[in-house]
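The following pair of complexes shares a single chain, chain A, combined with chain B in the former and chain C in the latter.
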Partner chain A sequence: MKYIYKIVLAITAVLCFGQNLAANEQVELKEHFLKKIDEIILIVAKKEFTKDERNGKIVKSLTPMFDFELMAKLSLGNRWKDLSDTEKEKFVALYVERMKQSYSSKIDAYKDEKVEIKKVEQAKEDRITLVTDLVSKTEKLEIAYKFHKPKKPIASKDSWLIYDVEILGVSILKTDIAQFKEFLHTKSMSELMDALAKQS
Partner chain B sequence: MLKNFYQNYLLGYPKIIFSFMVVLIIAVSLFAFKLEIDASAQTLLLENDKDLEFSRDVAKRFEAPDFLVVTYTVDGDLLSQDNIDNITLLSNKIKKLSIVESVTSIVNVPLLQSPPMPLKELLKGIPTLTSPDINKTLVKEEFLTSAIYRQNLVSDDFATTALMVNLKRDEHYFSLINNKDKYLKLKKERALTHSEQTEYKNAADALKKYRDTLRAQNHATIVSLREMLKTFMQEHPKIKLHLGGVDMIADDMVEFVKYDLKTFGFMIIVLLVLILYILLREKRWVAIALLICSASLGVTSGLLGLFGWEITVVSSNFISLQLIMNMSLVVHLIVRYKELHEQNPHEEQKSLALGTVFSMGKPSLFVVLTTIAGFSSLVFSGILPVINFGWMMSIGMVVSLVLTYILFPIVLLFFKKSEAEQRSTSKVSFTSKVAYIAYNYKKTVLVSAFLVTVFSVSGAMQLRVENSFIDYFKKETQIYQGMALIDKKLGGTTPLDIILTFKQNSDEVVAIGVKDSKEDAELDSFTDEFKEQDGDKEQYWFTQNKMRKVKEVHDYLDSVDAVGKVLSLATAGEILQVLNDGVEADGLTLALMNKELPQEYRKIILSPYMDITNNQVRISTRIIDSLPELERDALIKKIDADLKKMLTPKNEEHKLSNLLVMYNNMLQSLFDSQIKTIGVVVFILFLMFLVLFRSLKIAVIAMVANIIPVGVIFGFMGWMNIPLDMMTITIAAISIGIAVDDTIHYIYRYSMLYQQSKDAKTTMFQAHESIGVAMFYTSAIIMVGFSVLVLSNFLPTIYFGLLTMIAMFMAIVADLMFLPVLILIFGI
Partner chain C sequence: MRTIYLSMVSCVLVFGLSGCGSKSIEKPQEVAQAQKSNGADDELASFTDEMKVQEIYDPLSGYNRMMTSFNDAAYEYVLKPVATGYKNMLHFEIRNSIENFFENLYFPVRFANTLLQGKFSYAAEETGRFVINSTVGVLGLFDSAKSCFELEAHEEDFGQTLGYYGVGGGPHIVLPLLGPSNLRDTLSLYPDSVLSVIDWEERDYWTLTDTPAEYIGVKSLEKINTISIHMDKYEKMKEDAVDLYPFLRDMYEQRRKKQIEE
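Presenting the complex of A and B:
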């Protein structure tokens, strides 16, 4: 769990460059990603920050790279369409908050690992997957970052945005989809929101 | 006509007939070698029990193997290098046994908290006790606190550890069971065709044959395992080893029953011979009685072998019973012969023999018929071993009657007529004294009968129906100590599983074609990507929702006193939580654990507790059998009811499974079939009395005189806290069978004598003097014979001996004291 989030942090950082990617999108995305990772590592290395300050900075740095809103919508599957506008808004807010909370709590587990990009896959024009290895002294951990490019750029966000992360083939989003689907099978939407509020 | 047959043929050519009978008896008896004793508890599991089918299915799907437990107790440090080496050595030895799949011990289990580290680190390589640089203080701490190991692999005092000997799952055996069940199911739906019937028979035969081989193999393994442990203890005097586990208990029970059948069967015969000689004072009577009883037993056993009926736990008392009944028939004939001889000292031997046979024929026939009526009620029980027991007894009684009435008069002819015993007039027989008491103390007798009834009813109300294997063995035996150790310190004995089924999402498919906004259009472009794919179900099956439900049920079971160790996915969840700084594992962690845990540890922590394909989890528990006053049926009902409250039927279903449930089903159906049919038996007996004596009054008197002694058995069991279990439950049918015999003999003789004298008092004294003596002899012989059973180490054998003695004693007291008083009061 912890390693996943470390990686997520790193990736997010890279994405800040977003605006100018055009011709060689893949190369640029790669560079942007790695830079973001470096940025995060710098923040982690600075001992003068308190834990809260440090986590706050990391979250702030990563947020533009993630499409939390999309993740929130996708995590609900077909149920999303049934929600009222207020419910949609409330759910997205809770989901985003939960995501941020969740990975800031994992930052401590980050140690001397390095991120190496193994390959770049582009299945469609607006989708790129960066397959990376989180390399520690003894082993490698494969983490894949899935980016999409929204048709209309979103204000204060990068042009390429992460919508899913797969650790050793396990997708964060699919995990959420499975969790929520099962939860909603036995309980109501408002109960799910209560549970999310509790978690964050 | 029958008299002619006897006169002209049977007694006309005694030598020819006798030789023919000897050949016939030997020929049939030879089949007795085919008779199998299968006293294992499994034979009693109801073959058509849905719970049995379910349990087998569960064992298969959850990869939960049968296992034996070896306990290893030592005074010093359990984790010392010496002990580690010894456990490794012992495990390696045990692993060589052919039926053993693997041995799990403190030496090879994964250590997840020594020291605690992030899951990611742990997955790289999980340490064990033999890993280099392992910190033993932490290991000890982990064993004593870990959800999975505490009170399971090690005892709380850290002096005892368990080696779990996992047995190989025999696929061939299960495929044979399935093959047989296929036809059984078909048979329920429709009549089988001829070829199907043949196939069904073949399937059943193949299963039986293989099962026998398997059982022999298992037994041989347990024997060699015991031997191995014994040698190991001799080589390492500081180490104490015990063998436990349900398979061992089942095997041991068979051995105890077999041993008792052999040892005590022989001792009973020796004692019978002795007491027969003491009472009848002539070797020839002993020889005749022994000859006839052995012939009957031989022929009956031969017939059973021929039919392929096995002696099971229920019918293990069958040999003793037939011996009792047959002995009673012969002793009555002997006493009658002596009476006739005394009355007509100059009569020919042949005519004395005829007279004996014909005067006793009718009551003996009715004795046999009533006994058959009593036992044949078992045929309607629906439980195969019980049905077979009913048939066995019925056949046994017929064989006894026929052989006794053919052999007794013939053999008599081979002996010269002895001098008629001239009883000195001054010598008053014991039964006459009893007659005197009955005649002069009617009120006392009635009051005593009333008090006995009160004792019986109050005792019977405390009667428990309970199967407790641990209570079958005396406390000082090795086997008891081993079982108690596992039971109390290592998490309990009899397994009980709770299977939770999470119901599938039925509303998954929702129309997604309607694109009513741009936003939805964009979302839909992801639909394909996040559609459920092959393998997704497995990968993302673990959810917090499921884990919480499992934990809820797990914690509930843990809170039940009688439940020992509880293991489930919640155990893995708890360990993960410890590794995760006390935070509940989220969906992603669970999914990662599911995917990445190495197979060898998966087998210990995950596989036995989940079946993703069927959306089920298994919560495995063991019941603490040595807990006094444990009520298994009530416990099962309570757990079932509590779970019902805890779960929503729309979302989750639960089902109880495994041995506790099956043994309980078996016991309850035994209880139903034996105790509840007592009413039917009594009614049938009443009808038979009515036919025999042609008087409602006598029939009622006879019933009352029978019910009281039978009631005492239940009263005694209740007061002595002896539960009705699968071994003692047959005592009901047995005691009725025993009690009825004397009543019939007495009333029959009484009415015969009454017709001559027309005086109640004289008749009663005459009856006591004649048939009373035979009744007393029979009872005394059987009581002394069965007293030897109390020497057994197997409590069910002791109970059987004790209860038979009480039944005999009460029957004779009721028939010589209470019955005559009732007849004197109400007339005949």
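Presenting the complex of A and C:
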């Protein structure tokens, strides 16, 4: 009897601990995210920097939180595996640079907006979505940040990484997947790379 | 006119309900091909389902591409310069009030569509917003319902109502000046316009405009006003387009899907 009691206790302990761990992970991620936002708001507010300096600092602060490399691979869909190793390397570099530019210029345009976390969703063990509202004086913009946890941690990166951002339901990554696919229907990979290079 | 309209509506219903509105690009063998040779590929494969993009039914792509270029040129060379001048002339608060005023006028459209979708709490909130903004908010110029009572607007239109009942979007259509749309949403413009007080047709109730000229004038003001407020957003967004037409098309369809789900 005592034996069964011990087993039950052990199982309960494991279950509670496991659940606690997941909840903790969410709380940690949420806090880390808000800390990052504060950090970025401080950079944006510093008007003594030039625009380029500001963008550089924003990129430096954001990079550990984003998995731009994964986004680059996913953006090509089925075409990714057809690339040669040098092409892969070149494409990732171009895509990452474009993303950095795109994010920093968008964030630099923020004024008096506040970020509020509305919901935390965990669909799978290694996926968390933070649903936030970007609140300005006149409107509210729903932005969802999708995080994944790579099996092997990546050096110089956070343990949870953003791989997609959805603004009012429009996924940045899905939009890229669709437009690259259409582009490659009529044009070549090197033309796509030229187009990406022009954007950053 | 009405018969043509009805026959077009039945067309879109057949189109949408028969399920050929959209098809998925990822054929089973393509998914299977997302091979699992090593760890890195394994990781990519775990995203395959999530990143499956719905291919948009687009038989009119040639026309749509042309119309997108036309709209973009109209934006760059006509609408943007006009909106910039307008923006410099009027303070943001005034332009914001004009936007609120128009939004308030479209109350019957939103109200009817929330009811048609059975969203009674939204309908009640919309009514509350209309009453408060028309009175305290001085004919809708101020969004007091939001600032004082935290009542948020619910963008609902007939296209969303049809979508709510399972009607697919049908072929994607880019409308002159209005931008991306699809067959379902284009046909839905008519029922919504019947409920709008900005229209030139003879009505039993009060309308803001009585003649086509007045209608065009008011609609142009509304458009220029909206552009003057959201100009930066459109341009920042456009910077990410490698190919503008599919970029805008996919954003539109993803946005509508989300709106219908809400």
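Structure notes:
Throughout what follows, the second predicted complex is superposed on the first by the 175 of 200 C-alpha atoms of A that agree within 3 Å, B and C clash if a C-alpha of one lies under 4 Å from a C-alpha of the other, contacts with A are read in each partner's own complex, and residues count from 1 in each chain.
Everything that follows uses one rule, which is that contacts are C-beta pairs under 8 Å (C-beta built on N, C-alpha and C of every residue); 3 or more make two chains touch, one makes a residue touch a chain.
It should be emphasised that the depicted structure is a prediction, and the values quoted were computed from it without experimental measurement.
Look at A:K73: by the touch rule set out above, it reaches both chain B and chain C. In the superposition on chain A, A:L168 makes contact with both chain B and chain C. In the superposed pair of complexes, A:L42 makes contact with neither chain B nor chain C. By the touch criterion stated above, A:L192 is placed in contact with chain C alone, chain B being left untouched.
Of the two partner chains, chain C is the only one that A:K140 touches; chain B does not reach it. Put simply, chain A uses residues 70, 73-74, 77-78, 80-81, 102, 109, 138, 150-151, 163, 168-170, 172-179, 181-183 to touch chain B in one complex and chain C in the other. Across the complex, chain A is touched by residues 25, 30, 33-35, 39, 41, 43-44, 47, 51, 53, 56, 96, 152, 232, 236, 239-243, 245-247, 249-251, 254-255, 257-259, 261 of chain C. Here chain A touches chain B in the complex through residues 1-4, 70, 73-74, 77-78, 80-81, 102, 109, 138-139, 141, 150-151, 163, 167-170, 172-179, 181-183, 185-186, going by the rule given at the top.
The touching residues of chain A, counted against chain C in their complex, run 70, 73-74, 77-78, 80-81, 98, 102, 105-106, 109, 138, 140, 148, 150-152, 163-164, 168-183, 192, 195-196, 199. Chain contact summary for the complex, chain B toward chain A: residues 118-120, 124, 502, 505, 507-508, 510, 512, 520, 522-523, 526, 530, 536, 539-541, 543-546, 580, 585-589, 591-592, 595-596, 648, 650-651.
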